[in-house]
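Both complexes below contain subunit A, partnered by subunit B and then by subunit C.
Coming up: the complex of A and B.
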């Protein structure tokens, strides 16, 4: 225990180190309440803060206009789908005027775009003006097999009989986020978003190779460019997947913030679908036991967060 | 003597075993600070966090005494900047082995887990063995120089076999644990040559400048360092019922005969029909639309 550590700005509350501190956010996921906005106006907030998770931002003590820099945020989900946090951070950083490199290996661009529009952000517009660099894994994986060998492809490892390393993918990220001379310095800070890292293991890479790639990305994005990284890893606690455990635990040791999404231990419920535990893990000024725990819920049925705030009283916030 | 405080003075390999919940890098930095203040040469093999992040929180005076070998930026030579260190991290360790300048040396491996994942276990163990038990240069009266190797090991990342191999090499193992909101607990296992291993448990906290603050036992008031204490809530306040009885209420309660208590009065009342029983009657008037079947009274039940 560090005696009287200064509370980092990125942690939510003054009594962050209290073990007993916990709050509950509950999301009620009625599909009828999804706000379907198809405004092409880009990151311009039609209804500011109502299109993201304002309660999550409050608890993390962050907002698009005061986003922290140099942080690795690990998203982890167990027995549920934590992709709603990926959508949250994607819209969050686009609103924050950050240059975002999104390595999307799970879904198509149109899928992320539809969800982002419901959050009030247009990925198409962001991509057109150069704010978003989108690597669509589903499409790129096919392109790998039809390109000429001279061209380095970010997913080059798919062509290799024995999957080696992710150096081409690192070069892609570095090129995408390093500011050029064409006035790109207007963006606030670079952000790397990965959905998700576990699929790289399924594609034949080892956990150490993925950890190496993340280390290079941290060195470049977080340390050199003073940006942020957000990455999702599944917790396959029931399957005894050793490689995934090494990846998850290795990244947990390096992360500044861990958001762990879990399904309810008591089973399924109509209104509350899970909880998010938020813990800080920083090596510079304080340590892991200074953790904050937050409970929330999300929508397991689809990617659309439902965000109309009904009651923000006390420690439980109900959504529907 | 605080065993934790003098770990690096013993020499040999010291394993600092931590977990995600209880990270041991702060303790590693606290021990590095002790060594630097004692006058040791301190080499840091940084593989997991940036140099800036590792040096954060340490005094300028301490930082100036640290020799940092950076394997975080480009450990696999992907960048090809030419700035990478010659050879790998093990070559740096071997170079420390061949040093010629006298004096005690402390080598901090941040982390041993990173090395374990990237280097074959046997090669790593041989290098650590050579480093931990090195002697000074041959012409120097063969006096043994103390080299202390502090290795940070993330327990979850390794199976029992590599962990066991490293444990067998270590003179001392420190397992960091604790409970949230309380002081850290260090379980120390110290192996002396020719003696039984000694175990010790120490409670401590790490100050913001990475000094160690030892405590005699588990703290009774764990949150004194963590801000203003929460106001104690009286659980008996605002109850909707009465917790305590007055004397009269207690007498009334004691004199009450509960329905299940059998007494001679109740026995008499049951044996002799009282006036109340004589007047009690049950009237039953069947519903006009009831379909009563005398032969099958349960006809209306779906059985």
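Coming up: the complex of A and C.
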């Protein structure tokens, strides 16, 4: 509700902030060349990724037209908010012409839609043309709680007293992403996006149940359908949240790429909000152009991998 | 703080907004006591404390939850709670007060009296006169701004201005309470002993409260589903000491309680209700009672705005010369990201509050100048220690590590 008038600013920001990172960065860049099947309705290459985070794409050596497949990406944030990465990957995969199933548990659709418009994609349009399947957790929680549904709802566990069952949610993801007969092959690959898994823990599910669910999703989406999974987990290092630690460690072990967002150790700063660390356990193979970008962007002064990302609204921001 | 806020409010759209996309917004704006956010387009309401509004990015967005972490002896957090409700009464909003401890009717009786246009200046001058001169400049500026503000409406509640000041030494006039529309949820009254236990995931009190809120929202049309001809209004929900043992929750009693997810589910469903209706909610939670600190982090994650109060009562800081001007610290733990990649965070992280004779004020924490010649070495170290404790500031954008020392 209360949708804001989104300001379409098509102008690229004049100064992209410095993108500097050290070579010590372990990145997984097997450059999978995917032939893009351009659907007429999909966002074509007309819009270069001015409004996603180009530094992040450079860093990961990826672009919407050469997105890899079969990957599990774990987003994790500590002492700060990493949701900008969720927005990034949402717009990234929609632009990459992938079929996206977005399990949004923490915010409303209008919030994601307005931010996505700032990043250059429209969620309503994507949902209308069948590219995006959006599960709005907040809205459905009200339906699940106050009405007695006939068929099992994906968030059925909200009603259950003990030991919630995530099978309906898995079924939801599977049916959403399994390509049907009716020409849905136009989408390149399926993508599951979860924001965020820590909410599932808060709602009474055990870490093992969530890990099982992720395992099922991985088997279906990553292996069977050759798609990708992106999931956000908060890192509550100082609160001794055991369940959360189990979940985070388990997923860190499985994932191909971990993007860890941290607040600055020195405390609050107005200009720089934090840092992003990338780590993964794939074979590191820089492609030629990626190596070039490393050379140019390498900053000997910075001991940490740095990545400047801008909010594409009015204000400059984000992560450094 | 308050002075700059008034500058913001003086920019107000006079005519109706043109353009199809914004018609919904302009209709909503016509609700008394609200204004659209310049930043994210959300409709904002005041918390009843203009200084706090400014810290939260102009106000509290409709459809969000404000979580107040209670101070240890629950001295100051009821004030924020009461300010929030009193602001609703002044603006003619519908109230929903839920408590397990006090009868909502009694809570309403204890609301502070508003300082309205006619007597506002006088009260301010009176209040200022009793304090030191350094503050009088700022206050005079505020009072001066008030003189320029046009009279908005006639009537006993004369102002539809955004955010009011309240006199905590006086009770709200009885006729205002009688004129207002409110719903009370007093847990002991609502609990019937012989209840049919449906196997559900939630503690009975929480479930009843959710159904109560949903009922009010649905029947009075706050969800906007049944468009009515009458004026739209805001529902202000206040829930007192959520999670305390009086609600039948053992989250405060044991560390590994099985029912901790009940509170989380309640927050989650409540937030879902708020997001789809014209309502805004304040919840106070005795977080110092929660045995498992992981639950505090989870509650923070499931709320929108989180403000922590830390009073000096009973702590060694009460006698610490560093804090002699204040009654406690205020921590803005979380500000929501609404329709934006980042949140509207203020530059000031070290905040303190102070209860004056009539006003609850929030100020930037200043270290007092060390004027005495006889400061002993030990007390200086104490000061340094205390100042270091302040360091990390707002834990939400970037909390610092505790052990860092410059």
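Everything below uses one rule, namely that the second predicted complex is superposed on the first by the 230 of 320 C-alpha atoms of A that agree within 3 Å, B and C clash if a C-alpha of one lies under 4 Å from a C-alpha of the other, contacts with A are read in each partner's own complex, and residues count from 1 in each chain.
What we mean here is this: a contact is a pair of C-beta atoms (placed from the backbone, for glycine too) under 8 Å apart; a residue touches a chain by one contact, two chains touch by 3 or more.
These numbers come from a predicted model, not from an experiment.
Applying the stated contact rule after C-alpha superposition, one finds that A:108 touches subunit C and leaves subunit B untouched. The partner of subunit A that touches more of its residues, comparing subunit B with subunit C, is C. Of the two partner chains, neither subunit B nor subunit C is touched by A:89. With both structures placed on the common chain, the touch criterion links A:172 to neither subunit B nor subunit C. Of the two partner chains placed by the overlay, only subunit C lies in contact with A:244; subunit B stays clear of it. In the superposition on chain A, A:79 contacts subunit C only, with no contact to subunit B. Of the two partner chains placed around the shared chain by superposition, neither subunit B nor subunit C is touched by A:187. In the superposed model, A:134 lies in contact with neither subunit B nor subunit C. Common to the subunit B and subunit C interfaces on subunit A are residues 1-5, 242. Subunit A makes touch with subunit C in their complex at residues 1-5, 79-81, 83-84, 87, 106, 108, 110-111, 114-115, 118, 137-142, 145-146, 157-161, 198-199, 201-204, 234, 236, 239-244, 263-270, 273-274, 311-313, 315, 317-318.
Taken together, the subunit A residues at the contact with subunit B in this complex read 1-6, 14-15, 17-20, 165, 167, 170, 208, 211-212, 215-216, 218-219, 222-223, 242, 245-246, 249-250, 252-254, 281, 283-289, 291.
The residues of subunit C lying in touch with subunit A in their complex are 21-22, 24-25, 28, 40-43, 62-63, 199-201, 210-211, 214, 224, 261-262, 264-265, 268-269, 271-273, 275-277, 293-294, 296-298, 301-302, 337-343, 347, 349, 391-401, 404. On the side of subunit B, the complex with subunit A involves touching residues 20-23, 25-26, 48-50, 52-54, 56-57, 72-76, 78, 113, 117-118, 154, 156-157, 159, 178-184, 205-208, 213, 223, 225-227, 230.
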